[in-house]
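In what follows, subunit A forms one complex with subunit B and a second complex with subunit C.
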Partner chain A sequence: MAQAEWHQKSGDDPAAARAHRWTLKALSTAGTIALTFFGLLLVTFLIARVVPIDPVLAVVGDRATEEVYEQARQDMGLDRPVPVQFAIYVRDVLQGDLGTSTLTARPVAEDIARVFPATLELATIGTLIGVLLGVPLGVWAAARQGSAVDQLIRFVGLVGYSVPIFWLGLVGLLLFYVQLDWVSGPGRVDIFYDGVVPPVTGALLLDSLIAGNTEVFWNAVSHIILPATLLGYFSLAYISRMTRSFMLTELSRDYITTARVKGLSERQVIWGHAFANIRVPLITVIALSYAGLLEGSVLTETVFVWPGLGSYITNALFAADMNAVLGGTLVVGMVFVGLNLLSDVLYQYLDPRARQ
Partner chain B sequence: MTEPTATFREWLSAADPASRAQAQAQEIYRAALALAANPLTLIGGLIVLALLLTALFAPVLTIYAPNDQDLANRLAPSSSLHLLGTDELGRDIFSRIVHGARLTLYIVIVVALTAAPAGLAIGATAGYLGGVTETILMRITDIFLAFPKLILALAFVAALGAGLNSAILAIALTAWPPIARIARAEALVIRQSDFIAAVRLMGASDARIIFRHVVPLCVPSVIVRITLDMAGIILIAAGLGFLGLGAQPPAPEWGAMVSKGREFLTDQWWIATYPGIAIFIVSMGFNLLGDGLRDVLDPREATR
Partner chain C sequence: MSLPSRCWIAVIGILLTVFVVSLPASAKTPKDTLVMASQFDDIVSLDPAEVFEFSGAEYTAQVYDRLVAFDLDDISIILPSVAESWTVSEDGKTFTFKIRQDITFHSGNPLTARDVAFSLQRVVKLGKTPAFILTQFGLTPENVEELVQAVDDEMLTFTTDQAYAPSFILYCLTANVASVVDSQLVQSKAVNGDYGHGWLRTNSAGSGPFKLNAWRPNDALIYDRYDGYWKGEPGFTRVFVRHIAETSTQKLLLEKGDIDVARDLTADQLAALADHKKIDLVSRPRGEIMYLSLNVEREPFSSVEGRQALKYLVDYEGIASTLLNGQVRVHQAFLPVGFLGASQETPFALNVDKAKELLAAAGLEEGYKTTLDVRNLPELLKIAEAIQASFAQVGIEVEILPGTGRQVLTRYRAQKHDMHLGQWGPDYQDPHTNAQTFAANPDPSEASTLRTLAWRNKWDAAELTPQTTAAVLERDPATRAGMYMEIQRAHQQSSPFIIMFQRVAVIAHRKNVSGLIWGPSFDTYFYWQGTKSK
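Presenting the complex of A and B:
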């Protein structure tokens, strides 16, 4: 009711009405984020509850006396009711405390901050490759719908959708590292360059440039090129497919016919008109693809022994280090939510229709 | 049916079906014709059929049992004795891949039979009832969608313990949300129909309307979705197997076989390569079939 009155009152003031709409939208978005985040926490908390590992036993060892065990249980807050435990968990996470890793004996948050840049570096370069190649290929395929080029690009996409990433990584290593020796093998950098450059951003390519150490830089390039190209290929498969589909929808619209009738060149029609209108939905696609690569990092990093978040989670998994596993899961989930939100906000900002 | 095939075809293409059974048979016949008209879909269908037959007749197709060890012939390359070579324990890789088809099919079927009905029920209920129920159900769906699938499956497996069944459960838990989204979108449209209003006036309960009237109409889209998702499910299952979290040794799971072959990649490349090709082909088969099904059953969603 109040809302309707508000609209009536502000009917003669479009600026105020728009501000009001924006506030409502921002509140609703914030609510969604908070709820999703809460859901993420609930899921990770519940997973931790059903683990068959006794966390107290893991700390005190199986020779501890009854009293020591009980003391540790109370210290860890495990004697409290489950909802209280959850509240404590939420409070800790909000304060940036993800618990201590039993594997590294360091706070999980610190561990993640240390390994995450390596994952980001890989996923960012992969996405760059995917966007720089995938978008033009998708546009090209749409412009020549049904041609041999279109079929080829669709086939490349289909393979990308179907091939197991870890297997392609192994085949890539076999071919380009073992057989041809074009690239360096697993790892981020050759062992004797390890730790040479002081970490500033955590991304080795940037750090080596900042330190002015071109030797390390080129060595790091030779290591990252294969996994990044691989991720780029998966990103390309998705982006080119979506670009093609968006372009085909756009090219079938009436204004395109008008543009052609008034004598614009095909280049102007495709890039100036049709492509201009798919930029906004493409942003969502790129954000999702980036998120997908972060997820795919678990497998890629295992294959390439890349010291990132994916490797961290899998190693923790085998050491039954639940704090580390769930902390990593939570961080990836948050990045996912964050990227979705970012694409939503950009969509609102860039597409005038979405603002209405 | 004693008539010859020619008249059966006439019966299938008669302009005025005499019974409901005939009309339904005609519909399936037309869909099958449309599917077969697209060569890519046909290839996809044949691959999936081949998977089914391979899994069914695995013992007939192979000379060796999947776990038979021939230590004198370990790490042997492809030969007339061992078609695709042997692994580090002298097990025949061809036999293992063929028997592995059973595991892949088992995973796919169990996930489809659990995730699809769950997603369908949740989505159709949310879409039909609307209001608070819809908000709650779809928020839960969104939360599950917000999690990256592989990572979520990983966390579940970590909690449940590594193994084929916990991997299946973990995958099913991540597979239902997209189905729920599709079913809800369909139900939103269906609930506006006149026939639903008519059924409601006849006094049908919500549960009856949802499960007898709304759900059946959502099924085609859900089938398309689950077929397209199959490829992803196979890849996630193989990924979990590769990480050592799926089927445990000595089960001939394709992902686990690739993982084992990794140790011998430099000198015995075939151990890791062939099972990977099997994953690739099956996953591509489901992708092709799913694309074709979508074009036939759900023309609105078709990518031109």
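Presenting the complex of A and C:
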């Protein structure tokens, strides 16, 4: 039914019109998501096929006889035409089956359920640190533009942008773990606490609280604090710079001058007026930063022996474990799509114009 | 910002500092627990019928018993293990093993000859990569039940298609493919006739000193002590092996005492720990050899002189002593030291003049351009660069092509390389394992089903192939050793393999840990006799 015609018929019923608008929007969003995922899978699948690595070797190893090799190749479906392989993969994914990882011999979904909470835990704390410190610092720097405070905050941001994360990680370990002994070393928990807490959510901090095991909880906190602070610092560098930039634009507008002329306090001008208007673009910045951390930071995960999504996908890629690569890519795609949707919802909450 | 805000920041700062400082300091490893850092990302399966990677072999050594073993101090001596004794029939084809009756599996089931028969039969029937170690004796899925039989709970017969050297058969039965699995448990987990393979890939069913507690690929491998182990009580209640890819992280953890053993430290890191008060370094020769191979289909490598010239262009001593300090020893024959008949002769050294003579004889005095495939590991790249520099002295321009392990392997198996820098570890403890792959190529055609390293380099090994076959059938050990010695000498001169080094494993451990056994191969690394003082 054409939209105009439908409006005519339901013109007297604003609730129905609103429902219709929402339905259309939901359908459009669902279509975009489906297309995004299809494109993501297709591109990853095709890249996997042109990479000069033989995936059968990951299964049978270097020493396999030709019979064993050929059998494995057939078992993996690699003797079929590429479009057929792709069609079969998409069909399985639609049924919730991401296949079996050749590297770990387990279902990819099970692997991701194991590694993703580790990344989620780290990225969430990192983002919290980044937001809680980065936003006020950005606002502060903008409010004191050109002052020593502004210069210092900009310098801190610049360092966060330009120093390699693995270097900072190693230096952080040497200082806070080896020299000062303030925090625990690499890993999510001291190795001999491994397996002490039964996994419920996969996030060790939560699981240890659920199990009521404070010893493991504090040990996990002492392990996560350094990598999370490091990721938080990088997040802070990005968020504070963007916040400062948004605030400077906002503070130069006429309504801010008016507010000041009206005699409002500087706090009201900055937080009540200027900051209120940068919340929407700031949400996009924070969501992007969070999504970036949720992809898994391979270098941080390597230095801190953090068994997360980034290392999982990287290992899989080097081993030509295509089911794992595709599964991981899907999850990363879902993270981006999910955070975008969340941003949309928050926009509508914060900006009345978006609700129109 | 107003003063109160600054106060708040100061308060928050102080609280954060107090919080961080008051966090529990990292606890040191408990006395009854062994904590080890190791790169075990090569494990793809825990089923001994499929395990064929270094770390997987080490896992089976902790969890399973094998039919026979060899003496780690003198590997020419075969020792009883699950089989307490054996006899060989007059025609040399049938071995009869007497199985110990005092062994129980972790499940509590007794270990009998029927378990041994089932274990060997399922390896052949499953036909996974290591199955060739048994099928090379003529065993097939169709005949294996007839040729490998449990006469009763105590006696097992093992029959081969030819009268091979007895040492050859026994050495093969020391490999982890001959690990004994709990047949009742494994059969109860079978699905669609898979002999329990799907289950055993991620679980254990052994009788060894440790039970598998958990395996998380690329993350952790946790063992629990098996109190009923027949050789005695293991020294550790629990063993944690953590996959730590970054070697500098392994070093940090070891120095802090958060791990007891670090397995993968580099030469530089080991040198830095040499005088550490609380850390010991243990060096053990490993079975792997490092070699440079030449694709003889490429013009410069087609003549014996052209190949020999390159053997005089490697600075063996320089690389071993400076680049890979302590982690390799110069070794130029395909059998590693410790194997029956292994040659320790080193006929080649860097000699540019000799190389030039040989190149002139081969008509290659003008030099040429070629490529070298190498895995992008720091130590291999160092060797590749050293080779590139020394080859340049005679006008040979080498382009190094680094790649991931699988990339390089894919090209090697497809015979697409010019030169390949590789490593090779023996599949089992008998000399035939390396002799067959380096010195035999029964079918050089594209259709070959036995694609040895000689095949990959398109070398027909016409003279050495029959000698290799004869050596594996020779029943007198001394004569057999002499035959391998001759094959290695001929191989050194004519083959397209420039064998350079034998690897040395250097294990770094805290001084309070003792008793861990590091044998000549990964499946002879044992933790159960290890202990830890305070």
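Note that the second predicted complex is superposed on the first by the 282 of 356 C-alpha atoms of A that agree within 3 Å, B and C clash if a C-alpha of one lies under 4 Å from a C-alpha of the other, contacts with A are read in each partner's own complex, and residues count from 1 in each chain.
Keep this in mind: a residue touches a chain if its C-beta (ideal position, glycine included) is under 8 Å from a C-beta of that chain, and two chains touch if they have at least 3 such contacts.
Computed from a predicted model, the values in this text were never measured in an experiment.
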For A:A30, using the defined touch cut-off, is the partner it touches subunit B, subunit C, both, or neither? Pick first, second, both or neither.
neither
First (subunit B), second (subunit C), both or neither touched by A:F318:
both
Which partner does A:V337 contact after superposing on A: first (subunit B), second (subunit C), both, neither?
first
For A:L294, using the defined touch cut-off, is the partner it touches subunit B, subunit C, both, or neither? Pick first, second, both or neither.
first
In the overlaid three-chain picture, which partner chain does A:I225 touch, first (subunit B) or second (subunit C), both, or neither?
second
Which superposed partner A:L173 touches (first subunit B, second subunit C, both, neither):
both
State whether A:V200 touches subunit B only (first), subunit C only (second), both chains, or neither.
neither
On the A-aligned overlay, A:L152 touches which partner chain: subunit B = first, subunit C = second, or both, or neither?
neither
Going by the contact rule set out at the top, does A:V50 touch subunit B (first), subunit C (second), both, or neither?
first
Subunit B and subunit C footprints on subunit A meet at residues 52, 170, 173-174, 178, 302-303, 318, 320
Of all residues in subunit C, which touch subunit A in the complex?
1-2, 20-21, 23-27, 29-30, 33, 35, 41, 44-45, 52-53, 127-132, 201-202, 213-214, 216-220, 222, 238, 240, 242-246, 248-249, 252-253, 255-256, 258-259, 403-407, 409-411, 413, 427, 448-451
Which residues of subunit B touch subunit A in the complex?
139-140, 142-144, 146-152, 154-161, 231, 235, 238-239, 242-245, 255, 258-259, 261-262, 265-266, 269, 272-273, 276, 279-280, 283-284, 287-288, 303-304
Quick check: in the complex, which residue numbers of subunit A touch subunit B?
32, 35-36, 39-40, 43-44, 47-48, 50-52, 145, 158-159, 161-168, 170-171, 173-174, 178, 241, 244-245, 248, 291-292, 294-296, 298-299, 302-303, 313-314, 317-318, 320, 322, 325-326, 328-329, 332-333, 336-337, 340
Taking the complex as given, what residues does subunit A use to touch subunit C?
52-54, 57-68, 71, 101-106, 111, 114, 140, 143-144, 170, 173-174, 177-178, 181-187, 190-192, 194-195, 215, 218-219, 221-222, 225, 267, 302-305, 307, 311-312, 315, 318-320
